[in-house]
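Pasting a structure below so you can have a look.
Which chain is which? They are A, B, C and D, in the order written, and residues in each are numbered from 1.
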Amino acid sequence: MDNVPAVPETFVHELRVRYAECDPQNIVFNANYLVYFDVAFTELWRAAVGPWQDMVARGIDAVVAEANVRFRAPARFDDVLALHAHVARLGTTSMLTEIDVMRDGELLVAGRLQHVCVKTATWGKTPIPGWVRDGLRRFAAPDAESAT
Amino acid sequence: MDNVPAVPETFVHELRVRYAECDPQNIVFNANYLVYFDVAFTELWRAAVGPWQDMVARGIDAVVAEANVRFRAPARFDDVLALHAHVARLGTTSMLTEIDVMRDGELLVAGRLQHVCVKTATWGKTPIPGWVRDGLRRFAAPDAESAT
Amino acid sequence: MDNVPAVPETFVHELRVRYAECDPQNIVFNANYLVYFDVAFTELWRAAVGPWQDMVARGIDAVVAEANVRFRAPARFDDVLALHAHVARLGTTSMLTEIDVMRDGELLVAGRLQHVCVKTATWGKTPIPGWVRDGLRRFAAPDAESAT
Amino acid sequence: MDNVPAVPETFVHELRVRYAECDPQNIVFNANYLVYFDVAFTELWRAAVGPWQDMVARGIDAVVAEANVRFRAPARFDDVLALHAHVARLGTTSMLTEIDVMRDGELLVAGRLQHVCVKTATWGKTPIPGWVRDGLRRFAAPDAESAT
């Protein structure tokens, strides 16, 4: 029974909605969720691998290839949001991160970000380095590396 | 030959990338494409139906239910982008708009926005009014109202 | 010795610079400091008076009449900034807040915001209510109410 | 009578307020005026000197040293704003630009931006090059170069 897969750990980052992020409908303007996702992804990275800039200094960066956002309920000014993030797929050069935006246990917005690993010298696609992959496994689903 | 479907008209809105919209990678930060899409959608609406606020004054608004963005190539500061938008699906209460971000004929980013029509009094879902639907047909694909 | 003026208390709010807030010069884009100031002012208000929305619910709001920002040194992605705020002048209907943006003890940006108190019903100028004034004194300079 | 100073030319740039730039007070959020100023300044530069990036490619850039914004009346979603800009002071290494945000002839917001010319190699202060100065004179007040 020693090969039972570990329960994947979900990374949680909290932030408070700023007034400037809300629109005349009195809700967070949709584009700002992509900003929130970027913040959560950066913090997941810090916990898993280290500060983003340390990776860039080693010649590796990542760019967003696709983003998907489903809006279920609006967040409002001054709300404290919990962004729950985990790595759903960890491929050779790309990875898929799922981020749920929760408020008091209610799912408001569900996001998916596909990142591709690139070399800063050429901006060309490159395999995710081992030291990055090792760190990310902490927040990866058990089948993240076999999924297609 | 009188029942040949009309060629759908694509709405095009041009804008120039602002410095504030670019990030340290020297490219447009991903969230700003959702702002661009909102601008293009507002302008398509103006051409098809009229100013957005006139609809709101009549008690009807629309909210984004889902957004999808695929990034193929980056846009940069001072680029002039052409946003090509058309209505891919025009349902009873919701609609799907596809927006291609082009620069000199090259597709940089492809977006899809699903909007749901709501009453401003209750924020509850409501059928797209006839006068809105009639206007939107100008930029709708021939099968937009039969698609599922 | 009982009339020695109390040492004014400075409110401090910390935040981390987001990637989306930085520009191709690799520094925080200037407009984002006004967003930071608004966040710091909101948090000062929470500590001094209570949540901003509670005041709005009582029919009182405040609008910015003037903003001044002096840039001495740039902040960068991932920097943790400490915003030091205090009320420099507390007039009948308006107030002046000074906000210093510090990083590791270095002053990067110095801001001044003049707010005017308004009634939400008419957006007309109105005296700062006593219960607001009482709260703000905590972070006000000793001569804030006599200054002109 | 041939030495009567030329009437200074004011540069005007128009833009339409985006929904994402408005806040729950249903007005343009204050920070976005600094974005508008940057857009107007970039366009003044294009008309006076050429594209900003051409200057950067020659090793010269400019940074904002101070910004001042006075808010007189709010702009709203979908408003078309005319930004009237002129160079009030053209010093050795710095310049002051005044920008009035007008709507239908009404002054809404008055801004002042002080820029400092820098070398991109060192980010150190450097004199405004002659070819930049020559272009900017077109939009400069008659006493812009003698003012202190």
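To be clear about the criterion, contacts are C-beta pairs under 8 Å (C-beta built on N, C-alpha and C of every residue); 3 or more make two chains touch, one makes a residue touch a chain.
The structure displayed is predicted, hence computed values, not measured ones.
*Asks:* Suppose chain B were gone and every other chain stayed put; which groups of chains would still be connected through touching?
*Replies:* one piece
*Asks:* Could you work out which chain's C-alpha centre is the most distant one from the centre of chain D?
*Replies:* Of all the other chains, the one whose centre lies farthest from chain D is A.
*Asks:* Rounded to the nearest 5 degrees, what is the angle of the rotation relating the C-alpha atoms of chain A to those of chain D?
*Replies:* Rotating chain A by 180 degrees superposes it on chain D.
*Asks:* Measuring centre to centre with CA averages, how many angstrom lie between chain B and chain C?
*Replies:* From the centre of chain B to the centre of chain C is 38 Å.
*Asks:* So the centre of each chain is just the mean of its C-alpha atoms; given that, what is the distance between chain C and chain D in Å?
*Replies:* Chain centres of chain C and chain D, defined by C-alpha means, are spaced 26 Å apart.
*Asks:* Just curious, how far off is chain D from chain B if you go by their C-alpha centres, in Å?
*Replies:* So the centroids are 32 Å from each other.
*Asks:* Could you list which residues of chain B touch at least two other chains?
*Replies:* Counting only residues that touch two or more other chains, chain B contributes 19-20, 31, 35, 38, 77.
*Asks:* Report the residues of chain A in contact with chain B in the complex, numbered from low to high.
*Replies:* 25, 29-35, 38, 61, 63-71, 74
*Asks:* Which residues of chain C touch chain B in the complex?
*Replies:* Within the complex, chain C touches chain B at residues 19-20, 22-24, 26, 29, 31, 77.
*Asks:* What residues on chain A touch chain C, complex-wise?
*Replies:* 18-20, 35, 38-39, 42, 51-53, 77-78
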